[in-house]
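So that you can tell them apart, the chains are marked A, B, C and D in the order they are listed, and the count of residues begins at 1 in each.
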Amino acid sequence: MNAHPEILRLLAFLAGLIIFAALNAAYLVWLERKVCGHIQRRIGPKEVGPFGLLQPLADGIKLMTKQVLVPPQVDPVLFRLAPALVLIPAIMSFVVIPFSANLVAREINIGLLLVFAFASVNVLGLLLGGWGSANKYAVISAARCVSQNVAYEIPMLITVITMVMITGTMNLNEIVLQQPDISQWYVFRFTASPLMPVAFLVFFICSLAETNRAPFDLGEAESELIAGFHTEYSGMGFGLFFMGEYANIVIGASLATVLFLGGWQSPVSFIPGGWWWFLAKVYFLIFTIMWIRWTYPRTTLWGLLNLSWKVLIPISLLNLLVTGGMLKLMPLIFGAG
Amino acid sequence: MIDLALSQNKEIFVLNLGPQHPATHGVLRVKLLMDGEYIVSAEPVLGYIHRMHEKMGENRTWAQFMPNTGRLDYLGALSYNHGYARVVERAAGIEVPERAEYLRVITVELNRIASHLLWFGAFVLDLGGFTPLLYAFDDREMILDLLESVTGARLTFCYFRFGGVYNDIDDNFVPGTRAFIKRLRKRMPEYHNLVTKNIIIIKRLRDVGPISAGMCRRYGATGPVARGSGINYDVRKNEPYSVYPEFDFDIPVYEDGDSMARYMVRMDEIEQSMRIVEQALDRLPDGPVMAEKVPKIIKPKPGDYYSVVEAARGTFGVRVVSDGTNTPYRLKLRSPTFSNLSLYGEAARGMLLADALALMGSLDLVIPEIDR
Amino acid sequence: MENLIAQFEAIPALAVKEADYPVRGYHLEVTVAPEAVVAAAEVMDVAGYTLEAITGIDWLGEEARRREAGVKARNAAAVKAAKEAEEEPPEPETADLSGITEEMEVVYDYTHYDHLFRVMVRCRVARDNPGLPSIHQVFAGADWHEKETHDFFGIVFSGNPDLVPFILPEDADYHPLLKDFST
Amino acid sequence: MGTYFKDLFGGTWSLIVGLAITIKYFFYPVVTVQYPRATLKMPPRFRGHIDLVADPGTGAPKCVVCGMCQRGCPSGCITLSGEKPEGAKKKILTSYQLDFTHCSLCGLCVESCNFGAIDFSKEYNLAGPSREAYVFDLLTRLKERTTNVDNDA
């Protein structure tokens, strides 16, 4: 059975990506607890294995062996479907992320569109999880998640449209190829639009809000809604939610790296590019996400919506206009050259 | 604040906040009638940690009730020792020597700083910021070590006796306290930069949970809650007791009565308490820490006596009715948070859930002190 | 301060007495009949006072103790007088404990935010069915204090919105602070 | 409009200042004590449960069975008994039991004892399987302490 080589390659990549997502979910939790520890001048996990490195393994085994409790008055289908609906889109959007020149599962010319299509399914999972678990706190948190994601999808997409206008393509690998070294990074590409760093900041804030992280973690606000949409989940149900959340964080960070920080290209020409540059940038962004989480308190729902509708959307629209104008006028001013 | 009269929304549902809930810092349950995320009515339900201290007072001798006062508000327990000691000294006519009064003021003010630091950490934790709690606990740990080296306890103190204090301070208490004050003076600007000036905190606290001076007076709110609404009432100034008149410190009062005002009152009070402790350390007199002829069995003259002290959360009053025997006939404990919380029903109506929790955090509740 | 005393006498209060603050802890002691409690609260409200606490006291057996003390004092005096006159001491009388109506007391503590003047309003109620009007329209904070006093003593504050067990468990029908309460 | 921009720029600046503070502490040394590995020394006045004090000369407890501590304790944790052998003029202690589940460590017993016969121990990590494990017999504890003090002295 000489199956088509492409399918074999795809299956291998899929297995690799699932392992990558699982490992990421485990060791980002470890990194988060270490970063939180040291910011608060304590150590974080250190008992299980050297520097606590086996702690995620122990957590994983614990989550898997715990009984998945399904409360009686819960909606059976939605309750079981929700965690999967959060995790699967996250893993699927890994398919188009270029880890290095040829290390990409499937190079599709509309890769960016695919990632955002899956990103909107993620909030559906949260809503079904919150609604399905028939718990008042979960219902409130589900309502919050929906309004939060809708409010932050718009500025993110406007910024992405600006980027597509500049790069001219939606194929992530090509976008990376257009940024060979640090001076060419889109975050410093002032020729395209003077507001580029601001666009990066808007994109970063929106990816925080999309994944319910840091100052915008209204979805699972511990001190108000106990654990929000995953209050009723235990065992692997909770584990899947957790993996979904961390997978989404990695996607948000890797998108920001691909679009703005030159993906797997190395910032300086004499060191060759490769997947290690990509992972270094992604993990630096993830460190910043964690650093922000342990510094700021939480906003309220209306504060969060105000920030999006009154601040981020106007800025991203302004950026869109400025970029459009620059693209149109630049060739005229500097002649057809 | 939606106009509740109009919203005859059929889906008003009851949400139980507590008794096991991260934001209630104890076993308080608030029955919320919610319309979506707006609160139609909030009704605190008490009694989950009620131990009937007042009945215990009636079957113990006067001295045996002192450990109970430490269990009322264990974050500022020394003020409660002070309140009970003062009322019995007033009833039995016992004089307290100068050095003991100074030690009392120093330890009570240190305890007030520790209580405000813990409140600061827990309040920002309610708003979602985790790290300031750990920094505040790091500072508070120094106070607890200092108080432990003197009184032997860290939280539920039983240090005061009628006519003085249990034992004198050891020699590294004074340098230790001075070092602590120097360190906290360096840390306070950092707390203000990290939290007070943070735009997210400002947006969460400004104009949230407004409490007017009239509402404070009608509900009998005292302490930082009243001082946050423009009422200049602090027992240490309005009804001077112990050696407080000898120190010069001022009472922070903020006018606008929202959560930010109550937050700022407590942050400034930390600074004022440090000033008191410094002046008290400079003028600490020598001499005995216990009055000489304090009778072993105390039998105050019959009649009823009342005295108040400024605890970390407000006016702690003790009314004692004595019938001349060695056990109190009636012992009434007036707890400040009981009255501060009684205005929550009216203050939280129509607010969002997140703001209602910010308001509850700004009231600085300690539930065992409410239930007694 | 003078017009306060005048206003209290106008209610009419049963007794208005100035107390010695350093010893007692309050300045003015006003005794009122149960019906006049709301009027006293309004006097305080108009004067800008705030209600600090409501205390219940159960004076079970107080009258009996007073009579016995009186009898004992008279016996002692009689015995002493007899010893001086070398006569044989008269037969000691016994206190007649009939016709005592047991009483309970409710004490309202008022204080003022600006100047140091504490007023204590006392009100005696019968012990078998203790009842007096609620002052929660005047001082909203009194609502909780009254519910607590009702929990501990069984004093019924007529007009209080819902006089159900507040600090005690919902199904509590006992009143722990009564002198004859025993578990 | 003014407050809009003031909030925007002032707010962003306050966020950056907040980040700077936490990253500074990220590189500061750790302040926590790794409890099971390293333990703190308790200050001299630390109040563990009470223990009998041995008379340095004879090694017997200083207690004269006057019962002051038993009466002084608000929660009635102490029960002690002693008997007077014919010849001697002083009572000797036969049993001294402390029910540590009720003790509130208030120190009224230590204070009321004018013979200095009981004092606070420095023990704080008392783990026990059941409530009864916390009813200490201080006399036997004293004997154990004095015996192993003798053999390892």
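Convention: contacts are C-beta pairs under 8 Å (C-beta built on N, C-alpha and C of every residue); 3 or more make two chains touch, one makes a residue touch a chain.
In this text the structure is predicted, and so the values were computed from the model without any measurement.
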Chains most often in contact, by C-beta pairs: B-C
Whole-Å gap between the CA centroids of subunit A and subunit C: 68
Chain centre separation (subunit B, subunit D; CA means) in Å: 26
Euclidean distance of C-alpha centroids - subunit A vs subunit B, Å: 44
Contacts with two or more other chains, residues of subunit B listed in rising order: 131, 135, 138, 194, 198, 200
Where subunit A touches two or more other chains, by residue: 39-42, 294-296
Residues of subunit C engaged with two or more neighbouring chains: none
Every chain pair in contact, whichever chains are involved: A-B, A-D, B-C, B-D
Complex contacts: residues of subunit A adjacent to subunit D: 35, 38-43, 46, 291-292, 294-296, 310-311
Footprint of subunit A on subunit D - complex, ascending: 4, 8, 15, 18-19, 21-23, 25-32, 34
Complex contact set, residues of subunit B against subunit D: 60, 63-68, 70-71, 131, 135, 138, 145, 148-153, 156, 158, 161, 166-167, 170, 190, 193-194, 197-200
Touching residues on subunit B, where the partner in the complex is subunit C: 46-47, 50, 52, 54-55, 58, 87, 90, 93, 215-222, 226, 231-233, 238-239, 303-308, 315, 317, 319, 321, 329-330, 332, 334, 338-339, 342-343, 346, 371-372
Of subunit D, residues touching subunit B in the complex: 7, 10-12, 14-15, 17-18, 21-22, 25, 31, 43-47, 72-74, 104-108, 111, 120
